[in-house]
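Listed below are the structures to be examined.
Shared chain: subunit A. Partners: subunit B in the first complex, subunit C in the second.
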Partner chain A sequence: MTLGHTRFQANSNDLHQDPLVVGLHIQGRFDAEGLPPTLSRIDKARERGCSRFLIDLEHVSFIGSAGIGIFLSLVEEMRNEGGGVVFSHVPPSILRIFEVLNVLEFLEIVDDRERALKLLLAPEQQPSP
Partner chain B sequence: MSCSYKTEEKCPGGKEAPFFPPRGGTGWYDLDLPARIDAVGPLCAFLTILCERHDLTAEETRSVEISTYEACLNVIEHAYGFDGEARIRLRVRLGDDRIVLSFYDRGNSFDPKSIPPPDMSDPSVRLRGRGFGLQIIRNSVDVMRYRLTTRGENNLLLIKLLERGRMKEAGEGTLAWSEGGAA
Partner chain C sequence: MAEMEKDILEERDLAALRKRILGLETLLELTRSLVSVQERKRLEGFLMLTVMGILSVSRAILLARLDEEDSFRIHARGLRGEEVRENLRLRPSGLFARRMRVARGLVDLRADGLPEREARDIRYLKKNRLHHATPIRMKDKLYGILILGERVGAGKIAPFESQMLRSMLDIAGIVMDNADLYDEMRKANLSIQEQNERLKGLDQMKNQFLSTMGHELRTPITCIIGFAECLRYPGIEDDKKEEFANNILGQSNRLTNLIDQVLDLSALSEQSLTLHPEKGNVNTLIQEVAESLKIDIHHKKLSLDLELNPTLPEAYFDTKRTGRAVRNLLDNAIKFSPENGHVKISSAVDEDEVSITVSDDGQGIPEEAIPSIFERFHQLDSSDTRSYGGAGIGLSLVKEIMEKQGGSVSVESRPGKGSVFTLRLPRTPKPESEPSDPVEQEAAT
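Right, the complex of A and B next:
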């Protein structure tokens, strides 16, 4: 049986001209099998100095604890670095898992990309010089 | 993954029990799968179909899926230390008012009760980004119980009570039915 794999699309150019904002468009099952490419993508972006991430979960059908762990860890790291992480288009089933783990209050979740970018580019989200 | 289905109900025409039970039918499945991450997705997909056929709500189906996924991952990582040759057995019982998942493995013993819930309000816990699977299971099912069987297997029992059972037997429900026979 073949299941959906985690795929990544988009980059800062697709979403906004600001090169510091990285867009991750995750699709399919975001489970343990999908973690290495996710981490690799995030690491590469961070090596380029990116500290603001827009993560689109519209086409994610499943998320496991390891996937949530990556998100929570990234949120805390970016917060410490003066950046930010915003999630958009989160399906109800994924919201429910965030709820089950009681982490909703620690995540910035918006309905669309425009609002996500607005949040990410707000002055208080600008990385410290 | 091997799979067999048994039921105490008579099948129409005396035929063998179908691979998937009749919609709403009760019975149990015995599954045997390699303790590998790539085997867990197909298992979850199978259980999702099973839950849908058993008329579980979308929410109940998701609870079964995520609990199964996290329980298997715990076995793969903590009990077997990613030994891909090892096996996990799972008995899934479909009841009128509940679904019972019973996992068996021969890896290192691991009592979930010994692991306290993570304090999600602590930024360092969130920063670590690990150790959340058990909490997801705890909050997704109604009963989680661990025991070491007489055959030396770890057995994690999960029970998800179904909304239709709660509505039917409001105030009368018990959790007396645990496994319904040894696997």
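Right, the complex of A and C next:
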């Protein structure tokens, strides 16, 4: 599994509110082996004060339970902090797993990056009740 | 209509089957992964995330038990870390901890009948929507408590999921047990390494001791032989003969004292040295020791003050060995005092003790060296050894002699200002140690 890390710069109107959205681009098998580097990247981003994540799953071939655990806890934490997590380019096989686990409604899933950024940077982006 | 219902049922069955397959795959992955993780924190984090994933839970806390004292490390997911650290204090004697010690499987905290007014821990968990808790154990040992929030999707935890959770936690218990054993093994290895270093240090001390002892023995013998040869020359004046004879006597005494000390040290090591404390007056002892070192004091042109309390009560001590202890301190004071310096011995009484203080205005002892000066074979450094002589056994012998008869020795010193050594002796006999109770010993093992 390889992990890409992209920083998206928001437009100037949003800078004073939340200047950064961290993009995580995950590839291959997202299982026990891939957890430590992913967690490390998430922790570093959070230390910088980032509370908005765009997670691109386009090239993920497998996701294990611990990987799903990370996503669920990250979504909950970011909502608690007034941020958010959006998943983009989710392959059908991964969607099926989300569906089996009944977590589809809990996750924000979009088709493309532009829509994801729009959601993350929307002023109404607030924690779910 | 019937066809549609059949389709829905088949779809549901299929979903359940998929979930079951995912669960089994997870169990397999967990087993494979957990056994390769030996570090406890990583293990706990991985376990928590896996359970969250398979049960679709977005918030969880893992309380990892750290030791037998019931202290817990907190891992939290989906909650604000600060909030957890500030608010959650699991009290070992609290209801929640006690409930978890006996629980088997997942406990629904809402339905468990735990009285909220008594359980602050439970109130905190409920407030944060953490409704289920389960112990992680191996046999009867509690390794941690996993507390889970609500599921993000609808639905209760199915029996199959409960069963899978039990299997996961059973594996986790075994792996945590292994991780603890691994930790213990690592600590034991470190301890062996430390012992090894200590033994190396002792070996080095022994070599240094042998080398110094050779020097210490050779010096008086050389003097004795030299002065004895001088005495054989015809025509030596009588006053010179007396001086040579005194030198031979002085060096012989020094040699005898050194050999006695080595024998005492050896006897103390083998626990075969028996002291015979008796009631006596330390002033007399001090005067005798001072008298025996008069020649050395005279040679170094030192002034010796005796400040002896005339109303000193008697104390309990072994005359021969305590005399040796006082002599060692006085020897050191003479050795480390500059020419024309001052040495003082005083006696005093405290409530239960009689004290003997030997002070000098010599070079003093550096603060960092004070804790180790009473260790066997310890010397300040090799250059001091050459300048002042000594085998590094005098002070350790003083300490061991004093402790063996219920007394003590202490030192105060400042570099350049001199040192003050104080011996304390009991005024009443040291109580005999009582034989241990064999029944208690058996119960303890």
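Quick note on the criterion: the second predicted complex is superposed on the first by the 106 of 129 C-alpha atoms of A that agree within 3 Å, B and C clash if a C-alpha of one lies under 4 Å from a C-alpha of the other, contacts with A are read in each partner's own complex, and residues count from 1 in each chain.
Going forward, a contact is a pair of C-beta atoms (placed from the backbone, for glycine too) under 8 Å apart; a residue touches a chain by one contact, two chains touch by 3 or more.
Source: prediction; values computed, not measured.
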{"item": "Clash-or-fit label for the pair subunit B, subunit C on subunit A", "value": "clash"}
{"item": "First (subunit B), second (subunit C), both or neither touched by A:47", "value": "neither"}
{"item": "Which of subunit B and subunit C A:97 touches, first, second, both or neither", "value": "both"}
{"item": "Partner chain in contact with A:29 - subunit B first, subunit C second, else both or neither", "value": "first"}
{"item": "Touching partner for A:66 - first (subunit B), second (subunit C), both, neither", "value": "both"}
{"item": "Partner chain(s) touched by A:81 [first = subunit B, second = subunit C, both, neither]", "value": "second"}
{"item": "Contacts on subunit A seen with subunit B and repeated with subunit C across the two complexes", "value": "31-32, 64-66, 68-70, 72-73, 75-77, 96-97, 100-103, 106"}
{"item": "Residues of subunit A touching subunit B in the complex", "value": "1, 3, 29, 31-33, 62, 64-66, 68-73, 75-77, 93, 96-97, 100-103, 106"}
{"item": "Subunit C contact footprint on subunit A (complex, rising order)", "value": "31-32, 35-36, 39, 64-70, 72-73, 75-77, 80-81, 96-97, 99-103, 105-106"}
{"item": "Sites on subunit C touched by subunit A in the complex", "value": "15, 18-19, 22, 25-26, 29-30, 32-33, 42, 45-46, 48-54, 56-60, 77-80, 149, 151-155"}
{"item": "In the complex, subunit B residues that touch subunit A", "value": "37-38, 40-42, 44-45, 58-59, 62, 65-66, 69-70, 73, 120, 123, 126-133, 135-136, 139-140"}
